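Handing you a structure now.
Chain nomenclature is as follows: A, B, C and D, assigned in order of appearance, with residue numbering initiated at 1 for each chain independently.
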């Protein structure tokens, strides 16, 4: 995956967030404070305005810029979590202009580890972790089986979608939804949803460039 | 949505501009990143107190910046915790060399962003401690969960710790005091209506005519359960029962350990609220509920305290920690000791809390 | 109707009971007839200031009873002026021998009931003067009509005259000052929603989603006209324009003439508000509008004052003279002289306004 | 008219006010502050509770009690106006146990004078004066023509009703409705309405006892 594809990934995600701003906010209204879509959209609009200045830098630097922008413009739980995710991811691929399957695995794993460390959520707590964890696991298995980036990512996204939907029956233990107790059951977690969208965008960025690739 | 606003995305900044222009004798505002700070900061050798959180809870926190209370406040977007760079800049701005206390409400967003700020400030050699407030008895379970939210006790902690810092307490003393205030404070709130976040434009939830949300936080999120709106006396009884029946609550909170130079988990347990205690009774409007109704709640609250052998020695009644335009109220009972009373009474001069000077 | 009340008919009394229990250090409450008075009244040889009016405007008036402001307040039923027997009893209770000023908002009910009280008190040998407040520029014509209403300036007059009485001004001096404050104060308000009177249970009027009432009083009555809700800046401009375009207003007010021993009609004319003046800018919430929005209004107001060459030397921002739970705001501009500034700054200690002590 | 009829008058009026409490309040909501029915009902409920203790006293004393009760329990514009009306009326018939047509005329005229003096309203200002003035005029004319009490009162009530309805197109100059300016036009004045009801009740008290009278 090239740094231009990384840029495309971020652009696709920013567009998806804009489209789904209200949807994410409604999800958050049900079990949170009705701002997740607004937060993410504010952050990724900012990211879009920052991207041109780093578009030609290495992938580590691009992701670091994303991280810093999110940290200083999103706020809330998602700001620190996505900020940390990109920060760790950027460190994992520091200096690279292109990513192999193994690099991508390290990027994803480092991002997930960052989220876990910052947020202390466990699988089943009804958070973005429930999307991210199965996705990283699926990606790792596919890569271990020698599958190429695109199909590994396809499997990751399938797992992510299952993980996202699995949050519906969960009782929240972390984040604002946890204050609702039993009433959090029956609603899909907004962060798990945006997290699915970010992986889906990654997949789209990869497949869109399949022709122009090597 | 019927609000006096211009563009939703400008709301927080414009509100700060109004504050800056109205209270230039007390506070100054820095815009990018956004924070409000004492006009006379930094104060040499004084511990500085910083708080912050999402906007929409006005007057908290920016309205409490000034002599005897906060040195700085970091306002986030509406109901969205502020970002670490805001806190870091505020920290550098008000640092008087005696260390900084962050008073942080226990929401994942606030906690994580203040933790990041703590790490950043520490890496620049500034002594920062962050103390969590988690006083909301509506949230029951604490193990493996986010635990309780920080609500009404936050205002009281800011006043009491602000006075202590003003009087020369050192960093550890202020931190100990803040923890003590948190452990002795209990809150419970209810909503008669939802609130409307400007950027969203519609109410966060819909309530039927005779319905309320019981056990709410301060972000327009639904409460623990929906129930029937009864008389002011009955509603007050329900809130008070939740507070009085609350037994020793135990939780694990993460604080920075100065000696170890890392985060440590501390187990903290609330002392019980026994008959004979002196308390501060704080009846708070969620924004839309008028003062006259708060006095009805206070009336019943005082009656219940009397029956329970609790002595109300101080009180605070009004809209201090709000959820935009939400109708509803919360009650906070803070068990007081003589030191806290003395610090509560100490002079304070901020845009929204002022006495003794 | 979503309110924290018990029975509507008990609302005013129970709210007073809450106040009495919360602020026993500052005020006492007499129930039949109902009035609130300074805990340390009567104060010998001090002019006493009494105000009153319908309830539903809290904190005005009862929240302003205390050192440096009112000696007593007479609360009527919601939006219904109190009765002469209330004022008479309050008068006898706080009479320190130096005379009494009634500060009366110019509504027919208030005016007539306070006039009856004045006659009753006079017949018992107590020197009472009643000064009318009529500062609402929304009402244009004055000849042969009720004239303007008394709104925001009432709060400012109570503070300033309260300080004067506390400093030993005599009866005529306080009366002159009160008249001067009234003539120099101008107010204009708007409503985003109606309010709901508890005994009625439904909103007094219905407004569409994008509609406001412009030029309202403080009783949930409709305003001068219905118009479209625009941005905070535009709404503020409209309010400010009404205040600034208000030229010398002339009206006839009835006051008691001590020498003649009867009511006399006095013609009074507002001095114009010219560039270069110092003003107090008061941005008031009608109850439901939160502080954050008031700061948006203040921001624009300050900008306009700057353009117009008006210097804001003092301000007051918050819910001080409300209409129950109505969303909306009012702006009052009071042209200040040095004496008024000094009296404004003087210490005040009441349940809802406090500084300097 | 006997003092027992006076008592009945007050009872009939109190009942009418209770029935019309919401109606009067709605009228006041349109151009005032939505409390006229509530105010009057509070006052006359109090009057009802006071009546037994003075039922056997002379008419002057009964009306004085009504006045004092209204003054101390109604508040608002109507409290001082109706209070003054009954106070002046009571003085006009002080000591009487029964009223002649002439006495009734003096009672009504004195009441009207009191309202005019206290409220300074003129005919056409859209207030209770617009009901009361034509009613007193009609009553005077009928009495001057030698008509008996009942028919004189019938004519007064007819005039009162016309006066009440005439307030609809008026632009208010006194009372809260005056703040509305042009917007006060098209609504019937609440005080003019309660004033019509008080005269109607007086008529009913007179006619109900027509058999039992002399």
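Remarks
Quick note on the criterion: contacts are C-beta pairs under 8 Å (C-beta built on N, C-alpha and C of every residue); 3 or more make two chains touch, one makes a residue touch a chain.
Nothing here was measured: the structure is a model prediction, and the numbers come from that model.
Measuring from the averaged C-alpha position of subunit B to that of subunit C gives a distance of 32 Å. A separation of 56 Å divides the Cα centre of subunit A from that of subunit C.
Listed for subunit C are no residues, as none touches two or more other chains. The set of subunit D residues that touch two or more partner chains is empty.
Because contacts link the chains only in sequence, without closing, their graph is best described as a line.
Going by the touch rule set out above, the chain pairs that meet are A-B, B-C, C-D. By the touch criterion given at the top, residues 33, 54, 76-86, 107-109, 112-113, 115-116, 136, 138-141, 144-146, 149, 197, 199-200, 204-205, 217, 219-222, 224-225 of subunit C touch subunit D in their complex. Across the complex, subunit C meets subunit B through its residues 2-7, 11, 14-19, 21-22, 55-56, 58-59, 63, 192-193, 209, 212, 229, 231-233, 235-236, 287-299, 302, 315, 317-319, 322, 324-325, 327, 329, 352, 354-357.
On the side of subunit D, the complex with subunit C involves touching residues 25, 29, 31-35, 38-39, 42, 71-81, 83-84, 118-119, 122, 125, 173-176, 178-181, 183.
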